[in-house]
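See the structures that follow.
Each of the two complexes below includes chain A, the first together with chain B, the second together with chain C.
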Partner chain A sequence: MPRLVIDGKTVVAKEGTFLLQAARDAGIDIPTLCEHPAVEPYGGCRLCLVDVTRPEWDGWSKMVVSCLFPVEDGILVSTRSERVTQTRKVVLDLLLARCPETPLVQELAAEHGIDRTSYVPNPEPTDCILCGLCTRICDRLGTSAISSANRGVGREIAPPFHEAPPDCIGCLACAEICPTGFIQYQSGSARRVIWNKEFKMLRCPTCGRGHITEDQARYYDGRNGVPARYFEPCDACKRKEQAAIAVSLMAAPEGR
Partner chain B sequence: MRIESRQEFEAAVAAARQQGADRRREVLVCCGTGCLANGAAAVAQEFATRIEADGLDATLALHAKKTGCHGFCERGPLVVVQPEGILYTKVKPKDVAEIIDKTVAKGEVIPRLLYKDPTDKKAIEHYADVPFYKHQVRVSMRNIGRIDPADLDDALAHGAYAGLARALFDLTPDQVIAEVEASGLRGRGGAGFATARKWKATRKAKGERKFVLCNGDEGDPGAFKDRSIMEGDPHAVIEGMAIGAYAVGAREGYIYVRDEYPLAVEHVNLALAKARERGLLGDNILGTGFSFDLRVSRGGGAFVCGESSALMRSIEGKVGEPRAKYVHASDRGLFDLPTVLNNVETWSDVGAILEHGGAWFAKWGTAKSKGTKAFSLVGKVKNTGLIELPMGTTLRHIIFDIGGGILKDRPFKAVQTGGPSGGCLPADKLDLPVDYEVLTANGSMMGSGGMIVMDDRTCMVDVARYFLKFLVEESCGKCIPCREGLKQMLHIFDDLVEGRGKPGDIERIERLSRGMQLGSLCELGKSAPNPVLSTLQHFRHEFEEHIDAKTCPAGMCRELTVYQIIEDPCTGCHLCTRVCPTAAIAGKPKQKHVIDPALCIACGACFDVCPEDAIRFLPKKHEGGGHAPAGH
Partner chain C sequence: MSQLPCVDMTLLDGILERYPREEPSLIQVLQDVQRTYNYLPCEVLERVASALGVPLAKVFSVSTFYKAFSLTPQGRVVIKVCTGTACHIRGAGQLIDEVQRRLRIGPGETTEDLGFTLQTVNCVGACAMAPVVIVGEKYVGAAKASDLAKHLGATEGGDHAN
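What follows is the complex of A and B.
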């Protein structure tokens, strides 16, 4: 098991984990925006930058993003060296210029001593920080209905051609994972709308509540092998029936 | 016919050479992209038609060859008559008959078509005496312009695949790597990483399946060395990659070609097919048991696709976007398997190094930068084009001896090297020897070898802004410091050139630059501040003048400058009225002219043409006031 030192504290980390996790396990907080346990690390927000060195490097050190840097035995890590702090500030200052009205960004910036951006604030404020969590979770679920479009400053998250995304099943995973609430949706008992696509809800035969879209049920049935009828009762009603369903699933592990 | 042994290879080369020798007279018609654009295809066709119609291949043993780019595109279409090596420039189809009748048949030179040295206006007969060519040492471009890229025998006659034959017949993979190590070869695509070190790591990496890749994305604006190599001598790339594959233990490879290079794709594909047909590629190469094959992958159409991790994603069929990673491609590259990626020029050097030996290559250059390097020389020099020179050549030699000096003999101001992430070097750096370390130490870089020469009529703040504008479009936008940083940096520069600069801007530029350098995910963002910081380092006063005095010392920023005609020297010659794009200048012939400030866009065209130095520019706020002239 690799032994490393983070901010002066000796830490024993699990082999194959990333530095961010090792630091968190040791109770050391590193700011992040694009990291989430449900998806692969991305390295886009650059907030989790840390300084890494070794005694034999003679004072030379390198800056890495901790969400992607695999732990190594014997490294010395600083999560708040002068240049780490300075760089993080520049990043937050820039992000605040992009999203001047987004509470999450405002709070994080304020924690780092930035109350107002020193750059030109975005004339069209947005809540999208381009952390890529929504597209990554959508890829992770295998739907890949939304993706990032355009390069550079024009980059945005959007369904293909800005139309209702044909592959979207209305699962709301993107909206749930979005840290700023940028992704809007409406969901009721009968219908749900997200990305300008309308979905019919599958209604619970017991209580009549719509709790999952028909597209979702079809998708999970087709791909993940969970039978559509598993979704028919809503969670509340299901709890009552749970035991029975578990048995039926075990009896038919391939689904159908 | 497949070549399946050393003897057969030697026999094939000998036969190819004999065929070349039998053609006593040869005309080389440059059919590189530049000359084609100037009408070279019609010239080549005219030669072919006449040779065919008049049976000149029999009577004069004449052969017309379509070659790759000779590098001197601005003088094209170029034709060289062999064996004398007479160079004709700007040749038209109607000149062909005369070239055949006089030069080919009788050895007479046609003065009208000769190149004239812009410095002394003297006509030069021989290719080898033209200053643009005289000083060059060509290794990676050794056969460009000499061979017909579509003719494998012609390439064999000129030494192609001799390095591969030596590697496969005489050397072990470790000995091949040792030869490359001895050559001191470093990457020609940007970072200058030692090629042998990369190869060693990939050779050592565990795994049965490995790849060699060629980076032919060439995204730097104005660069065209890789295109010229792929179009003019695709076999050099294939040979180098086969050698590299043998050295690291790869059996597959890809040549990643920029999407805007259809001719390169065509020539590379043709060369691949021919090499396969002759047993120089594919299964059991040269009968040695070594197998290796290559495929072309078309580029993703963005500058960032040239970045190593983005390039690999793009070949995998994914979006060409850089990935943050802390494992080397030598361990986990394409499809997460051990991979070597080298630039087109690097690969092209490899064949020559194996043919002639590492020590041969290392005889050129400086302590840490060995061999020769291709540069594209553009901007305000008299001779522009593609050149190859020993490392360590001074900037002065390149710009003044090969480039022929500054256009219109204006003062030299700066040279930008290294492409969009490079930097600008001022006149007091002209005697620096060009090598990786020296350029970096002076705030610039080798990059892929772009050189843009600038004269005194260049605003350095605007130059930095030009590169920012390029990069802001080309950043992939994945990470915050690069995407948002470039946007904000451009805001600051827009303010500077439009007269809204404020105290503290320089410090803001420096702080933002540092944040981008340290914080960005890939080299694009990390190196994006280079053009900004190097202009700031060497031309800080220009920034200060834009901020403090709201003036542009070069008289180029239109919001800060007005142009005026000085009464005395103006002879009313009308030249300025002809070049003014907005018709802002009025005046009767032989009488003093005036510029209407309402129409003037401060482009400076009149200033550049006025033979009497009668035009001056002033800071806008001093308009009419007559003091603080920034021009004459």
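What follows is the complex of A and C.
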């Protein structure tokens, strides 16, 4: 198992893990915006930059994004060297210029001593930080209904042709994972609207609450061997049913 | 979803036949579609997505990422005016004005008869012969605004260039 030193602390990491995880396991905090345990690391936000060196490198070091850097035996890692904090500040300064009104970005920037961006603030403020969490979770859990479009300064997250995405099943994973609340939706017992697409809700036969969309039920049907009727009752009613079974088993001694 | 309903889908079948039906073929197929239709029509992209088994969102992402692809119809002749430093200094601005005056299209626009599209590009690597205009496939070095009409007229773009 690789032994490395992070901020002066000797850490034994699991083979094949990335630096970010190794640091967190050792209780060392590294700020991130595009990282989420449900999706593969992406290296998009550049906040998790760290300095990596080796004793034989004669003081030379390289900056890497810790979320994508596999642990190596014998490396010395600094998560808050002067160079790292300065670079992280530039990243946050730029993010704040892009998203001057976004609370999450404001807070993170303030934590690093930036109250106002030193660049020209975006004249059309957006809450989207282009972390790609929404598209990655949609690739993983959903149907790859949305993606990034254009490039460079014009890059954005969009459904195909900027129209209601035909593949979207309305699962809300993109909106739930979005760290800034950029992705808006409305959801009620009868209908749900996200990405300008309207969905009919499937009502729980027990409590009558609309809990998933009909498109979701159709998409999940048969996946991983789970039949469609599993999705008919809502999670709350399913839990109640399970609890009732458990209670009845406990009440009946022969059920043990 | 389609703005232009009259797209000949049979042309696409010929393109799809040439490549294995898998994700890695996407860019080659899109290049052929761009060449054949002069743009990437929505309904063609939908067919490409299902034929190659690539989500439509990914096809859209790739289509908007590369400058070589366009989602709106391009002219039969694309006029590229280089606006790199050398060309800029030697009068690229006047060349753009001249095209604009003759064809009534600004940078990024296409004439109504789909004859010409005007584009500005950053540098074509031919600074020694600045200012450079590329009309269709032809590189015109030391371009003069007064000569542009001749070059435009010599193309298949249309006859309103004069």
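Definition applied: the second predicted complex is superposed on the first by the 236 of 256 C-alpha atoms of A that agree within 3 Å, B and C clash if a C-alpha of one lies under 4 Å from a C-alpha of the other, contacts with A are read in each partner's own complex, and residues count from 1 in each chain.
As a convention for this text, contacts are C-beta pairs under 8 Å (C-beta built on N, C-alpha and C of every residue); 3 or more make two chains touch, one makes a residue touch a chain.
Not measured: the values here are computed from a predicted model.
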item: Chain B versus chain C as contact partner of A:90, first or second or both or neither; value: first
item: Of chain B and chain C, the chain that contacts the larger number of chain A residues; value: B
item: A:118 touches, of chain B and chain C: first, second, both or neither?; value: first
item: Contacts of A:151 with chain B and chain C, given as first, second, both or neither; value: both
item: Which of chain B and chain C A:143 touches, first, second, both or neither; value: second
item: Contacts of A:166 with chain B and chain C, given as first, second, both or neither; value: second
item: Chain B versus chain C as contact partner of A:178, first or second or both or neither; value: neither
item: First (chain B), second (chain C), both or neither touched by A:132; value: first
item: Common interface positions of chain A, toward chain B and toward chain C; value: 147-148, 150-151
item: Residues on chain A engaged by chain C in the complex (per definition of touch); value: 135, 138, 143-151, 158-161, 163, 165-167
item: Residues on chain A engaged by chain B in the complex (per definition of touch); value: 41-46, 49, 63-65, 68-70, 83, 86-91, 94-95, 97-98, 118-120, 130, 132, 147-148, 150-155
item: Chain C to chain A touching residues, read off their complex; value: 1, 42, 45, 55-61, 64-65, 71
item: Residues of chain B that touch chain A when the two form their complex; value: 302, 304, 319, 323-326, 472-481, 483-488, 491, 508, 511-512, 514-516, 518-521
